[in-house]
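Beneath this line is the structure, given in structure tokens, with notes to follow.
Chain IDs A, B and C follow the sequence of writing; residue 1 opens each chain.
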Amino acid sequence: MRFWSHVAELVKKDLRTEGRSGEIFFVTIPFGVLALFLIPFALPNDQELLSVIGGGIFWVILLLFGMTLTFRHSETGAQRMLMSMLGMDPAARFVARVIASALLLLAFSLVLVPTVVILYEPITPAGWPILSVILVMVCLGIAAIGTLSGEVTIGLRNRTVLAPLLVAPLSVPLLVPAAVATDSLSSQGSILVPALIILFALLGVTAIGVLTARPLEEASR
Amino acid sequence: MKHVLSFEKVSIRLGRAPILRDLTLTVSPGDVIGLSGPNGAGKSTLLRAAATLIRLATGTGTVLGVDMATAGPDVRARIGMLAHDPAVFGELTLLENLEFVARITGQPEERALEILEAVGLRAAAYRRADCSSHGMARRVDIARLVLTEPKLVLLDEAAAGLDEAAVSLIATAIERTTIAGGAVILVTHDATYLDTVTNRHWRLVDGTVHEDAP
Amino acid sequence: MKPRLIFSGLAGAVLASGLYLAASHPPDSFQGEFARIIHVHVPAAWVAFLAFGVTMVAGLVWLATKNYTFDHIASASAELGVLFTSLALVTGMLWGDVVWGKAWDWGDARMASTALMFFVYIGYLALRRSIDDSEARAKRAAVLGSIAFLQVPLVYFSVTIWRTLHPTPSIRPDGPSMPTEQLKAMLANLAAYTLVYVVFVVWRGQQSSQETLLEERDNFDLGPAGTAIEPPTLGTTT
């Protein structure tokens, strides 16, 4: 019970910190929307083309810009020491960070989705609400991979470039099935296999993150 | 509890070489130990090992009656440590920082404001930590010690850069710890502070601890 | 004679046999002589998977035992994995250029996911290079090595999940789909590449161990704390 109460407290702290700094809402989200806006300028003026690629572009922007959100506010050494000395389980800190990041990614998605719909007019598949399940799992997956990559790069000089290099390819097991699921729904196919792959990737990374939280904490002291 | 901290033939490594070696020492309830030594002597490393933040390379150690090899978050929660930099979350107010600590450690939240008042931060309670001075943030650290009442307090040059009132606060926090049956190890280069506050003195030289006669 | 020399000799001999068998079997009925490149491509891909698996396992063993030999094996294996992945990608592209008419096809999930695996382990090597402290490096690399290996089954099963241009596996539970002579050459080269991998991983692992010792000698105190600083001798006059 103490584990989950610590998780809840850390999630609240993280969200409050983000609310006050405004980095996600005033920087990352506008930057993501700007990227969506700029892409069509580099393509032929072809609405049909944009409709076809719109769904995939959404997932790519969510991944590339969303992952930067997972590296936000890396804690100082003193703050990390404080968390250790307050008796917090490092696994609780990992889980809390994943949940907070996933919630922020969902907020990011809520802005991206209408932007993509307006700018790209993507083909809307029948049964599209079920994509929200895929979206939640992908956000959790990016959050887990991003948080874990942030942990293995904490304190390193080149963290701002190294962490994205680690996250981007590792997130492909989320990106490809998400795009396949979007396409499958359009052709009224099943999304079960892509959903299972995303779930496998999410559970796998989360399990590794929880199991290695303590050794990683020791490595960063 | 016989000893708050004990090391038996302990060595500590950073990288592969043992930088602290042959540490055999005990800390009893009521001890206030001043730890001094040249820069780079390993004083901070010794404190971090005592806080179970660094694993012992060889030897055995116990803290608060628990073997350090198996000590986990529960033991750490009963140790208080103030490092070089204050440990506060910049975007939270000073009060929110302390309330966060209270909720995590299971203390009543209401105590946070009382204790902030006791350390002279009532007027600044709603100020963000990143808009506060080093001295104010350090007082929040001290307030944290008062709130959590650890049995072993480790202070790593905690008084550096503080005014007289804040330095006196640290002395009060130390006294409260020893009255409650705890012990304190503090790193300081201030000889006067050593004489007035401490009752034992360790010098860290060539990777090992030498105790001065009382 | 040293066991390592004998083993290296054995690896060389098996490699020579594999090359001979690859060069001497009849040409493929569809792909002609160019099919022989498959005897480099497939073993290189297999060794890449093996190498990344060893990286993961060695990293986990290090976490359990703190024996640095395993960390050096993990590092050496990752380097070799990246090398063999590059070889698999290049030979795959050469083969694709001749057989499919293009070196790269985005429709091929296997090629794309193999290229991603390459980037994942480039990231792993970049992480290792960024950390000076040997314990922190070994720990963080062990964690990343475990996650990175999740990519490997994705590469292997992508052929089954997304049926695209890439040929289905030649060696399957219901029996191989290639002629016997080609199969013999394939198996010989699989064995040869595996032996060559073992030779190189041992050699590179030892080299990595020496490099770490030299680095630590330069960057960390080898003796007790405080030995890096000497009493100052600065006076007020020059």
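Here, a contact is a pair of C-beta atoms (placed from the backbone, for glycine too) under 8 Å apart; a residue touches a chain by one contact, two chains touch by 3 or more.
This structure is a prediction, so every number in the text was calculated from the model and none was measured.
Asks: Work out per-chain C-alpha centres and flag the one nearest the whole-protein C-alpha centre.
Replies: Most central by this criterion: A.
Asks: Average the CA atoms of each chain to get its centre, and name the chain whose centre is farthest from that of chain A.
Replies: Farthest from chain A by mean C-alpha position: B.
Asks: Roughly how far is chain A from chain B, going centre to centre by Cα mean, in whole Å?
Replies: 37
Asks: Would you kindly tell me how far, in whole Å, the mean C-alpha position of chain C lies from that of chain A?
Replies: It comes to 29 Å between the two C-alpha centres.
Asks: Take the average of all CA coordinates in chain B, do the same for chain C, and state the distance between these two points in whole angstrom.
Replies: Here the centre of chain C sits 47 Å away from the centre of chain B.
Asks: Could you check chain B for residues that touch two or more other chains and list them?
Replies: Not one residue in chain B touches at least two other chains.
Asks: Enumerate the residues of chain A that touch no fewer than two other chains.
Replies: In chain A, residues 218 touch at least two other chains, as defined above.
Asks: Two or more other chains touching the same residue: where does that happen in chain C?
Replies: 135
Asks: Hey, which residues of chain A end up touching chain C in the complex?
Replies: Interface residues on the chain A side: 145, 148-149, 151-153, 156-158, 162, 165-166, 168-170, 172-173, 176, 180, 193, 197, 201, 204-205, 208, 212, 215-216, 218-220.
Asks: Inside the complex, what are the residues of chain C that reach chain A?
Replies: Listed in rising order, the residues of chain C that touch chain A are 63, 109, 113, 116-117, 119-120, 122-124, 126-127, 130-131, 135-136, 139-144, 146-148, 150-151, 154, 161-162.
Asks: Which positions of chain A touch chain B when the two form their complex?
Replies: Per the stated touch rule, the residues are 5-6, 9, 13, 16-17, 20-21, 76-79, 81-82, 84-89, 218, 221.
Asks: Residues of chain B touching chain A in their complex?
Replies: So the residues of chain B touching chain A come out as 48, 51, 53-55, 73-74, 76-81, 83-89, 91-92, 96, 100-101, 103-105, 128, 148.
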